[in-house]
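Presented below are the structures under discussion, each in the form of structure tokens.
Paired with chain B in one complex and with chain C in the other, chain A is shared by the two complexes that follow.
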Partner chain A sequence: MADTNTFDLRRYLKGGGHSFGVWAALVIVVLFGLMRYDNFGGAYNISSFLNYNAMFIVISVGMCFVILTGGIDLSVGSVAAFTSVVAAYLSPYGIQVALPGAVLAGLAIGGLNAFFVVAMRIPPFIATLATMLGAKGGALVISGAQTIAIDWESNFTKLGMEKAFGLLPWTIVITAVVVVALWIVLEFTSLGRTVLAVGGGEDATMMMGLGVARAKVFVYLLSGGCGGLAGVFLASGFGAGQPLEGVGWELSAIASVVVGGTLLTGGMGSVAATVAGALLLGLVFNILNFENGRGVISLSAYWQMVIRGGFLFAVILLQSQLTTRTRRAAE
Partner chain B sequence: MNDLIQMTGIGKSFAGIIALQNTSLAIRPGEVHAIIGQNGAGKSTLIKILTGVYRRDEGEVRMNGKPLAISTPREAQDAGIATIYQELSLVPLRSVTENVVMGYEPRNRLGLIDWKAAHARTREILARFGVKVDVTRQLGSYSTAIQQLVAIARAVSLEAKLVIMDEATSSLDDQEIETLFSVVRNLRESGVAVLYISHFLDELYRICDRVTIMRDGRTVATHDVAQTTKLGLVSEMLGRDAREIQAVGLTALSGGHGQPGEVLLEAQDMRSRTGLRGASVTVRRREIVGLGGLLGSGRTEAARAIFGLDPLTGGRVVHHGGVRIDNPAQAIALGMGFLTEDRKADGIIPHMSVRENISLALLPRLRRLGAVDRARERKLAQHYIDALQIKTAGMEQPIRELSGGNQQKVLLARWLALEPEILILDEPTRGVDVGAKFEIQSIIRKQVAQGLAVLLISSEFEELVEGADRIVVLQDGRSVSELQNPGVTEDALIGAIAHQHERNVA
Partner chain C sequence: MTQALAQLQQRFDPSRHGALVALAVILLFNLAVTPNFLQAQTLFVNISQVATIAIVAMGMTLVIATGGIDLSVGAIMALAGALAPLIFLSDFATANPALGLLAAIVVPILVALCCGVFNGVLVTYLNVQPIVATLIFFISGRGLAQVLTNGNLQTFSNPSFSYLGTGKVLGLPFQGWLVLVIALVLFWVVTRSVFGRQLLAVGGNERAARLAGIPVNRVKIGAYVICAGLSGLAGLIVVAINSASDAARIGTLMELDAIAAAVVGGTLLQGGRAPIFGAILGAVIIQLVKYTLLANGIADEVALIAKAGIIIAAVYLQQARKE
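This part shows the complex of A and B:
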């Protein structure tokens, strides 16, 4: 039967019913922007928007995996700050060294998280709080609390500026590759299924002989690695390693994950919806910038944060309303 | 006698689907009244209407002859209707006293909570039940049984006229059940009515006065328990002829008639920190080995040790391939499966679909080029949904939406999909309705005929006596005797357990 082999869009959408709200909100916000601002849909805005938000998308997707297992990773912001400094120091050797080096540094911190959580059985909240402080301190120590300029002579600068295949900046292409790869891992591999199972019921998963520890180690390594990649993007985007950046990024990432309909208790969620959540939160800033640009109102960054908070609340409210309605309809 | 509660012509439907139709229930003051029926018969819907969780579409509820308008659980509580749920709705981190008086705390002259009076009152009620605990300690530090009694104490403290107990005994051992029953008798004597919901028919005969049978959203009949037979009750619940049921027996199992094959597994003199002190079991192909004994005798612990979940401190478990088993992954690789007792905690993955729940343990074998082979996965899921007659809207339905019996079938499918040689079944039919119980038992029997070996743990003597080919009796973590079917009777099993018990006490 065709049923068993073809990709059933209807079934897919039904299965992802809990994340419908974020897609609806994303469409509405994009349409609003397109109608209200002339340059909103322009190549420049799209490209610079994605370029800037790439680091948030990457850490949100990593965070999504951690949350799916029922854990949390508070260290991602500090990891990004730390690895941006690492990337800046390595930039004279070129992107081929700086990028893997920074990602490795991120993986190392992720590995430390995994060790604490899996081997030492320390609750993820506490373990990653400790590495958050540690990585933050590490970033300040190795940089002397100064921004570390990247080497402008090296090819490191190309990352955010040169277009891959003449289409989009490398940052965006790398982000897209990471997102697609992780989407495949979650949806189509047994490792992904195990990640979901651990969050849904750790004891049951262990009883089935599935690799609970392996899945957990994977998600913390992944989140650390994503933090490292975000650090590279941060350094290239700002032209310098930023030891003071990254504050509160973990909360933005958690917000993106939750807006995307992923349960904070784990077991249910999606990569695509997390990306949509990250885009949505980024778009709110983008739109407020456009609004400021029109000169009618002028909102400070502080007020923008307040508005973003209100918006986040509205989307989650919409989400929970939709979820209860579909659940009622199903009963 | 005037009825305490009178529900007449109750109707309720959800989104067009009728859950209750013209249902009636009358409860007398000071009686223990049972409601029985299969899952989906409408028991819980009826209870939830009585306790204000749902609103009825039609019909009338009267209390002491006066119309009762209840729309929230709080109103029900204030009217004197208290409910003790299967999953306790207490606060484990707070003290026993707080749990008893919460929301109704005694006050002193300053309007502050009078803790001294609260503790005294709690102690006094629990003492009436024959329970002596430190009421200032966290509730969660006590056993489920004590917690349940505390829930009842709360009901008594609120001067409840009717206490509803929903599957109250499902997680208690025999001694705890005995205590609970004496409390129920205590309530009856003081004029409090008890509405008792249970899947265990034996319990009915021990403490209930009358029984109401529900089927397909209606109340079929109400009898004095003394004038019923078990067979009669089952036939009314199922809507089937009593003789037809008698022909197949009370369970769908029949041990002692097969030809066991070669030895698959030998557990010798197992000792562990979980309380095993020398338990030995041998399992052969095509046989059901029962583990008999009281709760706490080491039945589940023995099974866990065999499956490699708890490390042994002595003795050994040898697979016929000559391999020792150290962890579940290895046990599964050697052809073992373990259907656990606690379906919710370590069985189902609630957010996952029926398909995913079936295929989960098999995933490592469903890999093709690193990805899950979805086509094979769907075929497999569909095969088991058909073969085990799992009632579901489709394989993509989340498992949490299925009834208990069907969830259990999905878990059974999960293990059968691994095509195991040995399957450990820990209380496979607990908390499922009579119909599903029959079906699950027939599935097991069919699999055993095809060569499966089963290690069966059951608190229901019937299931063990009729089902097992051999019963290994455990006592305080030791295997003390072995009974061979055919020929085992319930009395013989109880005798074996009790005899050893006396000897150990002496």
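This part shows the complex of A and C:
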């Protein structure tokens, strides 16, 4: 995976043949929505859709980095729940304190993951499972298992409600900045290339003298920080710290990453395709809402999960076809 | 001499040994601190609660022994648990109670077994990683259960079905005996049957097993099917205990409890070992920790943190032994 520094858009979009499907599917679903529903392309729908999905996009991108190294982070949902409570407690001091505070809390849990995985050599699946339980417990302890209302007098509420430059809510702007920054890190920095190399082959990367441990610590810290940011969005979106939220988020994030064509074994994948995957999974719900609104069918919210599962299944089928074909071609 | 030493080392396997020590510590702590610990009621409560964890953990142990993992156990519990009342509350079952009861037990377990086949086929023939393959049912299985029941809580009073969760044999909860029977059968399967030896071979070194002519795919699918079937059974027991079925709540976070129990019991995550009684030991430890904290007035959420500590400690011990 030792890529050159030149950037080839065509090769990038193909993503080694794995992420092409997600872009095609995204285009098809958006076109379907635009043609079928009047307000689908309206400013309100786009803004509220992105606003709601911002937290899922952020944790999916963090998860993407972890998976690229061949690891996994199951703790992100609990981290978001924990940090949403932290953000709510800090909200009286304003967004300038609450946001960094919550992200720091997320980084701390990410650091714990990194310690377990890198220093104690505990398999990532188990290490992050433990911090998932621990963070969930921590969220319930510090909140007394209650939702913690944010301070409505402070500027914390501006995050989700006020529009940056009169265009889009701050939540979306921050998410976009984070996504672009991480895309640059992965594609153009030596740290990002090391992350990819670690997933491609850890021993080989080590022998090349690249900083394997540093890359691993980075991805778990990053994922924790992303979870922290998602917690801030969660608190601002619901107007309260939500210690009970975040259940199953890690699996949605993994699904987004997988739908985006990233291999779970690591070494191959992209930030952009992960965002596309997260958007696609979110759109399933959005379309379902519109379809219910038309009154032709009436699918309960429970169908959302079934459809998402079916979606994941379809993508996995497609991916496994592709991988077997490329493997055969390689042989 | 070295062989004897190796044998001795194997017998005092620190992960297993550690679990037993942990159990002893918890029991002694309870005897000293927890009020009314030495009462029959305590035993009943713990046995009836640990049974579902133990049943699922044994299935999980088999899956992990092949080097896999099954995240869908909780969702499959919900699916089976939602189906059973639907069947025995139907018109057909009210007309033929005996047949209805049989169907209410057999059909959900059959459905669960089908889920296991689905998981297994994805993992083997389509070469999907176990985490992803079982993620499908983790996400959609509970949704399916909620679609079936429209998200409603189903309450019922059906003494013969409830026997699964509230019955007593020789003074002890029925599901406790069930655990014992399943454990004995699975122990025999793992240590004595061809399937069991093949299972461990696949987990130990899949490539070698394949070259040795072991039907790797069939063995793996078998493990997922058994795990799913046991999850279905556990779902039925949970519903029977509560005399109510809430698809949103049956078996939530069970995958974590089951994995934790298996790991604490000495199952290696890389595969190749399937300590069935270890899984039960792990389940008992997790249940007792939960009970100890609860009985001493410490909130449920602290129990989560304690569980996290146990998992890390257990795997760290395994890891230390390997190196």
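Brief remarks follow.
Here is the rule we use: the second predicted complex is superposed on the first by the 302 of 331 C-alpha atoms of A that agree within 3 Å, B and C clash if a C-alpha of one lies under 4 Å from a C-alpha of the other, contacts with A are read in each partner's own complex, and residues count from 1 in each chain.
Everything below uses one rule, namely that a residue touches a chain if its C-beta (ideal position, glycine included) is under 8 Å from a C-beta of that chain, and two chains touch if they have at least 3 such contacts.
Here the structure is a predicted model, which is why all the values come from computation and not from measurement.
When the shared chain is aligned, chain C comes close enough to touch A:Leu140, but chain B does not. Between chain B and chain C, the partner in contact with more residues of chain A is C. In the superposition on chain A, no contact is made by A:Ala215 with either chain B or chain C.
Legend: residue contacts after superposition of the two complexes on their common chain; A:Ile122 is shown touching chain C, with no touch to chain B. Looking at the shared chain after the overlay, A:Val258 reaches chain C, while chain B stays out of its contact range.
Once chain A of one complex is fitted onto chain A of the other, the partner contacts of A:Val66 are absent, as it touches neither chain B nor chain C.
In the superposition on chain A, A:Ala278 makes contact with neither chain B nor chain C.
When both complexes are overlaid on chain A, the residue A:Ile109 reaches neither chain B nor chain C.
The residues of chain B lying in touch with chain A in their complex are 14-15, 309, 327-333, 338, 340, 345-353, 356, 360-361, 363-364, 366-367, 370-372, 374-375, 378-379, 396, 401, 414. Only residues 72, 116, 120-123, 125-127, 129-134, 136-141, 145, 247-248, 251-252, 254-255, 258, 264-265, 300, 302-310, 312-313, 316-317, 320, 323-324 of chain A touch chain C when the two sit together in their complex.
Chain C meets chain A in the complex at residues 69, 71, 122, 126-129, 131-133, 135-144, 146-147, 150-151, 252, 256, 259-260, 263, 269, 299-305, 307-309, 311-312, 315-316, 319, 323.
Within the complex formed with chain B, the chain A residues making contact are 3-5, 11, 14-15, 184, 188-190, 193-194, 196-197, 200-201, 203-211, 263, 267-268, 328-331.
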